[in-house]
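Take this structure, written in structure tokens, and hold onto it; I'll ask about it next.
So that you can tell them apart, the chains are marked A, B, C and D in the order they are listed, and the count of residues begins at 1 in each.
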Amino acid sequence: MTTAHETATAAPATGKAAAAAAPSMNVARAASLITLALLLLAPLFLKNFYIFQMTQWLIYAIALLALNILTGGSGQFSLGQSAFYAVGAYTAAVMMEIMGVNYVLTLPAAGLICFVFGFLFGLPALRLSGIYLALATFALAVAMPQVLKLHFFEHWTGGVQGLVIIKPDPPEFIKTIGVKMSQDMWLYYFTLVVGIGIYIASVNLLASRSGRAMMAIRDNQIAAAAMGVDVPLYKTLAFGISAGITGVAGALGAIAVAFVAPDSYTIQLAIALFLGMVIGGVGWLPGSLAGAAFMVFVPNIAESISKGLSGAIFGVILIIIIFLVPHGARQIAYMAQHLIGKIGKSS
Amino acid sequence: MLSLSKTRIAAVSTAVIAFAVTGGNALAQKKYDTGATDAEIKIGNIMPYSGPASAYGVIGKVQEAYFNKINAEGGINGRKIKFISYDDGYSPPKAVEQARKLVESDEVLFVFNPLGTPSNSAIQKYMNAKKVPQLFVATGATKWNDPKDFPWTMGWQPNYQSEGRIYAKYLMKERPNGKIAILYQNDDYGKDLLKGLKDGLGAKGASMIALEESYEVSEPTIDSHIVKAKATGADVFVSITTPKFGAQSIKKVAEIGWKPLFILNNVAASIGSVMKPAGFENGQDIVSANYAKDATDPQWANDPGMKNFDAFLQKYIPEANRTDGSVMFGYNTAQTMAIVLKAAGDNLTRENMMKQAANLKDIQLEGLLPGIKLNTSATDFAPIEQLQLMKFKGDKWELFGDVLSGEAGG
Amino acid sequence: MELFVNQVLAGISTGAIYACMALAVVMIYQAIDHLNFAQGEMAMFSTFIAYQLMQWGVPYWWTFPLTLIISFAGGIAIERALFKPLGNAPVLVHVAGFIALFAILNSVAGLTWDWTIKQFPTPFGNAPFLGSQLISTHQAGMIGITFILLILLFVFFRFTRVGLAMRAAAALPESAKLVGINVSWMIALGWGMASGIGAIAGILIAPVVFLEPNMMGGVLVYGFASAVLGGLTSPFGAVMGGFLVGVFENLVGTYIPGVGNELKLPIALALIVTVLVLKPGGLFGRAYVQRV
Amino acid sequence: MSTMLAIKELRSYYGQVQALHGLELSIREGAVTTLLGANGAGKTTTIRAVCNMVRSTGSIEFEGKSLMGRPTESIVQYGIAHVPQGRGTFTTMTVEENLQLGAITRKDIKAIGADIEKMYAYFPVLKQRHTQQAGTLSGGEQQMLAVARALMLRPRLMLLDEPSFGLAPLVVRDLFGILRKINQEDKVTILVVEQNAQLALELAETAFVIETGRIVMSGDAKEIANNEDIRKSYLGY
């Protein structure tokens, strides 16, 4: 009774979105093209600092994308993404600083290591659902900084002091073709290319057989199992893929900030990522950009209003947002589509 | 060429004028880097106003109030101070973002007293690459005194390793055959102080250590660690803890009837925010070390410096809680900054800022203990290197012995 | 052996803190079927209210009921103002609301009472309890009150009509409405009670850990862990979970060589997850059954 | 006999989807009425609309008082008990607690104990299991518990949503026997929504047939049961 009812109420929402998406496909396509153009051109007109901020924004967007695949794609809930982000960051840092590996190569390594880590974590997580899974991932996020500063690993991780990374220069070919590019701009475009690649791969993943299997699990696990979906496999796979992408984001973050330390990857980061997902709209991949913007800019806004109460102001802004648009940026996009559709019809 | 003379200030009403110009052409023509003009000097600052270390945010607020005071009194050499302070939530990536915002967007002359070892570690390379001073960082890590590799970074407070060595020296004298149990916070600060202590004890002292126990900031109480420490049979207990855990350790040691020689580190030595909440009766005979005056210590009640401090608080930041050691910290650091700015005269280049900061000679501040002096040179980027030992008696700290130097890290 | 006994006793006294908080966690879970991440901050804020009342000269034994009433009303007010309007929004949005509440309470407490630690009085004193210096009279009192609360809660849920209605509302809101239960107010009542129990927890915990805006940060993590270990559906389990976590964590810290002390929280959490994997309802909770 | 419940022009919606299209239905006091129809015809929606569990327009009057817009939990104050589809058993609670919940809004607390005993007399199996968790009961026992829980309200009108669903034929016969008894002895008016038309028509005096959100036929239960055309085209047996 309850389950039937829940799916009944959940279904119209997704059905609605799908129905709306079809006629206004062009609107969505136009919006993506404009966004892409802005992402490509904006750095040419901005100071390095803003380019750096945009890089941070893209990196968080990648991490949010990963969380969206997990929660939106397979219905699992994670408050522990900071742990995967940290592992990715440390992978990059240790490879670059201790082993002298080129930064580009650290990304696949971080992705792979985090994939395995996430997949393994997904195994016990299989037996947990809802609140219990939230708690288990929360525990992972709380535990991670303590593991990072463990004295056994100090030789590689720098212990409590962390590791300083040398920021990479733009590659030679950029200079040879006569373009002068700052480190920040290079890293931005590098991140953008990686981000777009991951985005396209994710969209294709969710549209694939595996993606549909995962979403079937999200909607009704028992029904999915009855349909012959290998539930344990896809659930752990979702965890692994999400962790892997988060790890790539972590590695990019470490390179952009040029520093890793246990204090960079506390539960605060996990919570920020979680909020970013909610603000962007759960399960809606483009919302990751909006969520990441929230992560980067709203604390700055809060602090510019009051230093002493910045936490409270952050909280109030958050409440206002979830009151106005409980489904996040996704809801805004839906309303905008609706509006444009109406205008289109009337003219 | 400017330099600071050996000046003693005992009771100067405005601390800022605590320098004299000796020789050189002070009236050299005005020179500016980004962030300084005829009218104003832009100073950047990064503080954890939100997040887990928000307790320290008050430092930034006191500094801001102090610069307001300076501005109200006409500024420094006719220039107003514009103090731009940002929140990093004690997160290193955010600190990098804020440092870059300060340098590249707000275009400050330098960044003053950014707080926290992780945050400062994260921005150090950037600041040095940009050749923007990272002055008087608010952390006691030993690594800030490295003018050769990081000529644009300078510490301020005595470093933790020096403090550890001072306790070691004291222990070797007081309890040469003692058995030591150490409790330390498992982070950069705790490990740094521990290292100083162990270095100071040396090979012989190493055998004296019965237990090195760490705790995490996330632990609600540290009671079990203290039970464990007592069980080792140690007769010396060194508590390398922040105020909350310092107070817990004092209370718990008393509660379980343990009577070791108790050494409490400087971070937790505030009377108002540690000793009093922990209970004076529990804190008797605890040994610690300090370099600044404790605003809550009755022995300074009639001290002229303290009176100035109180007058400042009352006028410019009445909401500040004077029992909080961070308030005094903000006051002292801001005064140091003002002294350096004054000394820089009209040559407000980043290079000259470092030069002046590295040219402090026997400066005394109103809020520091008598005999504690700021000294720097081109090869010494550690302004305060001295501490004085003290023992808790009744409701105040009794200073004893000479002003000591730990001599760690140069 | 002496060390072992000492650590077990110290674990029990720390466990009392966790147990107290876990009870509040279970209470809110009964009412809203979810964990409230702002619960620790609510307890902290209540404790500050008690502190402020005492600063104004209200005697301790008046402060206690007054704080309870204020917290109870405050809990209801928060539910009515913040979470009722969110109504049918997805659960994840509610979690975001908890986080916002957390940020607001923490920040406002920091600005109002600043961040220095405050001494908070105990009615039980701090003398050794029954000759053992490892458990003070305060901690014994705390354990006592936790058990009294537990019994009161048991009686409330088992034998009163309101308690029965609350359980029904939490278990099956639709059916509860059909028998005439005002589910919305039951949820508000649950918030009020959880807030009140949180206030008691805060008042009992503050004398040990000292009062400051971040005092519940660590406690809440342990409170959650304890409640989940014991079983979110069982107040008794939650209390037992608190003591188990307290003792267990100490033993890990003392006896696992090398990493035990540095990793006692991660190891404790890992074990809790293991317990959940084996027994998803917690040690004392009901098994979680899913029906199609 | 007077009309107890009158539904007029009822339109109900799930999101954008309209489930009822101007439904009209009335129930006489003291009677057993049945609402028949195929899966998805709108039977459940109709009685959910009575308890305001679905967004609706139109009018629903109970003894002349409008029920529209009243919160679900206040409907019981009129003496309307609703046994929902799937029984709505509080599975984690004991049988006795479930019965007490049925009477949770009653003010005459002292009389509740006697009523529980009365339910045990109707359904002896519940007495045997009164301390057991309700979730451990069989489907038929849970249905009995659901009916008993509804009766604990001392209702004047009882709405039953597919009480026969998932039960063995013998159990269903028993249950319907008890329903008849309740109707006759306790003077409880009953509206039973059923897919199993044959059984429902045996029990009821009046029947309504619903198809895609509209009443397509109504009349005396016996007549409908005897009319082969109707049976074939609407009721499928």
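Quick note on the criterion: a contact is a pair of C-beta atoms (placed from the backbone, for glycine too) under 8 Å apart; a residue touches a chain by one contact, two chains touch by 3 or more.
Small disclaimer: the values here were computed from a predicted structure and weren't measured.
Participant: Using the touch rule from the top, work out which pair, A-C or B-C, shares more C-beta pairs.
Facilitator: When the contacts at A-C and B-C are counted, A-C has more.
Participant: Closest chain to the protein's overall Cα mean, using per-chain Cα means, please.
Facilitator: So the chain sitting closest to the middle is C.
Participant: What is the distance in Å between the mean C-alpha positions of subunit A and subunit C?
Facilitator: 32
Participant: Provide the C-alpha centroid distance between subunit B and subunit C, rounded to the nearest whole angstrom.
Facilitator: Here the centre of subunit C sits 37 Å away from the centre of subunit B.
Participant: Round to the nearest whole Å and give the separation of the Cα centres of subunit A and subunit D.
Facilitator: A distance of 50 Å separates the two centres.
Participant: Measuring from the mean C-alpha position of subunit B to the mean C-alpha position of subunit D, what distance in angstrom results?
Facilitator: Distance between chain centres, rounded to whole Å: 76 Å.
Participant: If you look at subunit A, which of its residues touch at least two other chains?
Facilitator: Residues 1, 142, 146, 308, 310-311, 314.
Participant: For subunit B, jot down the residues that touch at least 2 other chains.
Facilitator: In subunit B, residues 50, 52, 54, 57, 186, 216, 218 touch at least two other chains, as defined above.
Participant: If I count partner chains per residue in subunit D, which residues reach a count of at least 2?
Facilitator: 84, 88
Participant: Can you check the complex and tell me which residues of subunit B touch subunit A?
Facilitator: Of all residues in subunit B, those touching subunit A are 49-52, 54, 57, 60-61, 85-87, 89-94, 96-97, 100-101, 103-105, 116-118, 121-122, 124-126, 143, 186-188, 191, 216, 218.
Participant: Would you pull the subunit D residues touching subunit C in the complex into a rising list?
Facilitator: 51, 53, 71-77, 81-82, 84, 88-93, 97, 100-102, 104-105, 109, 135, 149, 153
Participant: Spell out the part of subunit B that touches subunit C in their complex, as residue ranges.
Facilitator: 50, 52, 54-55, 57-58, 186, 213-214, 216-221, 223-225, 227-228, 231, 243-244, 247-248, 251, 255-257, 272-274, 276-279, 321, 323-324
Participant: Under the definition above, what is the set of subunit C residues touching subunit D in their complex?
Facilitator: 161, 164-165, 167-168, 171-172, 174-183, 233, 286, 289
Participant: Which of the residues in subunit A end up touching subunit C in this complex?
Facilitator: By the definition above, subunit A touches subunit C via 1-3, 5, 71, 77, 124, 127-129, 131-132, 134-136, 138-140, 142-143, 146-147, 150-152, 222-223, 271, 274-275, 277-279, 282, 308-316, 318-319, 322-323, 326-327.
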